[in-house]
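Below you'll find the structures, each written out as structure tokens.
Look at the two complexes coming up: subunit A is in both, with subunit B in one and subunit C in the other.
Then we have the complex of A and B:
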């Protein structure tokens, strides 16, 4: 996966909720994890047309406490279903893990970013270096990126894909525990 | 720069000096899961082709969420759990009728010591913080820990709580713990380690220490533990022969936030639906009729909670319109409560005593609530629908407030029943 994305900015404010705002709660209760099912409902609690408007490479910009609430993964899977990036001022602990597990490239700690972009701006984010360029306004910002080991999980396609690769590597290197 | 307790534990378990914010793969000293996730992790391991656990001797499994199977499906799951335990050769398996609540009995049995790192499937593993141990919950990634031995964790920042003052008459640590999480900024709490110490800690008993470590999880903390002290040594003296180190943060360690919490609250505190940090003084709710009451869960884990209820209910009968369930957390607690006569008092008062474990709090499999009913209980959470009907209401309070409310049939300030 390329860790640089360039596309349109979709700005949401503070306190975007996991359940309801990002994804209808019913999918969490059903433990639905199929991206093809979840994608058409992404962010429809705030903007019913959102799934039809976004394109791969577009970037969601969230404010403080993005993806707050009971940490269900479905909303984050919805983001990866569309091939979007994510930039937030802050993100709750459970959703931080879920974003990595769902394979969403994101910057978790971009204080003040909401004031620097607007919906429709063309922005470019390098998730490996933390550099955000707003091409519409001609501005550039540096934020703290995720750790290399976390980016590896995202690049692998999320937790499950990375775990399969890790188990395979353990076998190849014969690192499995010997029988008792 | 010095290190916090969290940084010290992660440095040891990660094999190198670490600081707040670092991402590491630390090796846990103990891994725990409960009866409702064993079949799930086994499914993932089977899909991965894993036949042996990385460290089966480090895994502890408790049948605590549904020890008294309430359906053929639940009985079938229990059988699957036993088969999975045999398949992987898991030695520390505490099935129905053995340990009790998995966030409590491993401390009684010497599995938990200061400075340890425990990774668990289930958020309230932070109860182990009562002995200065760092319990960290993960969810689906427990399968990775079981297969590979670890999973990535971020070294948390520390919110240092300094307890001062002393409890007033009829006020309990549960009241303080609920007040505490209502006072702390959620942004500071998110992904934090709560380190609890200060001059007031010495007066807090083992049960109270568990409660203080249990509640911060509800506002997003990653873990919570007390700064271990003489009481920790006294508790562990007869329970383990392993060496014990009273781990402390260095004097120049960096805390994100330092908060003083006064044990001397004005009045008992009640959490109103739907979150445990929506807390008000009991006086604002006095008289609200209840149908259901429950004393138990990892948020009321100790003998002192049962003692409080027994003191209020001795020689009395609970209100005729209330059903009152009492779940001693562990077999050790139940045995002690029997010897001390508390169980007799509660039974005589009309309480239903259930098998040790999570009791009603584990999703209301037993003692479920109907449409429009109101419960006051000592459980961990009060989301709508947690104990049954979506439009039932759950108020969270101390064992004292729950017992007094069961007696009166409405939410009640317990202090008149406790002050001699």
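Then we have the complex of A and C:
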């Protein structure tokens, strides 16, 4: 996965909740994790047409306490399903983990970023270095990126994809432990 | 001592099932919990050698004390709010007669026939961004965009806890009010006492043991709550139960989770000991003088 994205900014305010706002609660209760099922419902609690408007490479900009509530992974899988990036002022602890596990490139601690962008701005984010460029306004900001080990999971496409890749590599290299 | 009063072997045997039940389901888990708190955890599992590592890491991080303090604060405030809500409900129920009383008692119990989690979840479609309250306010033209701070904060945790634990406060107060001798209230009225004086000098003192008993129940349940703050709370309104559950379920650090549980138990027992010194053991646990 390319850790640099350039696309439209979709700004959401503070206090975006996982259940209800990012994804209908019923998918968490059903334990649905299929991206194809979850994608069409992303952010429909706030903007019912959001899944139709958004394109791969676009970036969601969240305010404080993004993805709060009971940390269900469904909303983050929805973001991953559309191939979006995520930049937030702060994110709930469980959702931070879920974003990594779902393979969502994100910047978790971008203080004041909501004031620097508007929905529709063309922005570019390098998630490996933490640089955000707002091409519409001609501004640039530096934020703290994730750790290399976390970016490695995201680049692989999430925890499951990374695990599968590791298992495949072990098979290829015949590194499986020999029977006693 | 007469034959009737003499404790026989058969009497001891009658108590045995209860003793076995208590030993198996109360004492044994507690002993196991305390034992595990002195073990250590690694990525390969638990090591059963004696260690104070969990208690040391607990003492070395102030966040545990902060969350514990926040938990006790939430438990005390929830207990007080529950009392404010429950006493008028209990008074109302006790004032009813016949079929109406039965109907309202059933209505009070009705939500409690479903699970605790469902009763907590139900607040999300009410308080959420596209929930009932926001939809109503917007349709009435009071707000033009949904309020996003009705849920996932400490206020929502209080609301959820009061709702799910109210019955434990209402029931003992209602039973005490229901058993109250009407002659006492009539006598107060005959002697010219106002409604407030009758409540303050007759009804309240006679129902105080039930109040303390209800407070004890709600306080105990709130101290261990973790579902409500997890579903309705924000990042800063997490309770001690959430840290304990995350150690057991997410981090796999059972010894630290057990040590945190032991600390919570000690704090709760200490609180109840101090309360029983002030209000009496019988009041707190039996609901009587």
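Here is the rule we use: the second predicted complex is superposed on the first by the 165 of 180 C-alpha atoms of A that agree within 3 Å, B and C clash if a C-alpha of one lies under 4 Å from a C-alpha of the other, contacts with A are read in each partner's own complex, and residues count from 1 in each chain.
As a working rule, a residue touches a chain if its C-beta (ideal position, glycine included) is under 8 Å from a C-beta of that chain, and two chains touch if they have at least 3 such contacts.
Note that the structure is a prediction, hence the values are computed from the model and not measured.
Student: Using the superposition on chain A described above, determine whether A:167 touches subunit B (first), subunit C (second), both, or neither.
Tutor: The answer is first: A:167 touches subunit B but not subunit C.
Student: So in the superposed three-chain picture, is A:150 touching just subunit B, just subunit C, both, or none of them (first/second/both/neither)?
Tutor: first
Student: Look at A:21 in the shared chain and tell me whether it touches subunit B only, subunit C only, both, or neither; answer first, second, both or neither.
Tutor: Second partner only, subunit C.
Student: In the superposed arrangement, does A:36 touch subunit B (first), subunit C (second), both or neither?
Tutor: neither
Student: So, does A:115 touch the first partner subunit B, the second partner subunit C, both, or neither?
Tutor: After superposing on A, A:115 lies clear of both subunit B and subunit C.
Student: A:13 contacts which: subunit B (first), subunit C (second), both, neither?
Tutor: The answer is second: A:13 touches subunit C but not subunit B.
Student: Taking the superposition on A as described, I'd like to know which of subunit B and subunit C A:101 touches: first, second, both or neither.
Tutor: first
Student: Thinking of the overlay built on chain A, is A:69 touched by subunit B (first), by subunit C (second), by both, or by neither?
Tutor: second
Student: I'd like to know which partner A:92 touches here: subunit B for first, subunit C for second, both or neither.
Tutor: It touches subunit B and subunit C both.
Student: Counting contacts the way the document defines them, which residues of subunit A are shared by the two interfaces, the one with subunit B and the one with subunit C?
Tutor: Touching subunit B in the first complex and subunit C in the second, residues 65, 70, 90, 92-93 of subunit A appear in both lists.
Student: Applying the document's contact rule, which stretches of subunit A touch subunit B when the two form their complex?
Tutor: Its residues touching subunit B are 64-65, 70-71, 90, 92-94, 96-97, 101, 146-147, 149-150, 153, 159, 163-164, 166-167, 170, 176-177, 179-180.
Student: Given the complex with subunit A, which residues does subunit C contribute to the contact?
Tutor: Contact set of subunit C toward subunit A: 121, 124-125, 128-131, 148-149, 151-152, 230-232, 234-235.
Student: Please output the residues of subunit A touching subunit C within their complex, sorted ascending.
Tutor: 13-17, 19-21, 25, 45-46, 65, 68-70, 90, 92-93
Student: Taking the touch rule as given, give the residues of subunit B at its contact with subunit A in the complex, in rising order.
Tutor: 22-23, 25, 48-50, 52-55, 89, 138-141, 143-144, 147-148, 152, 186-187, 190-191, 220, 222, 383
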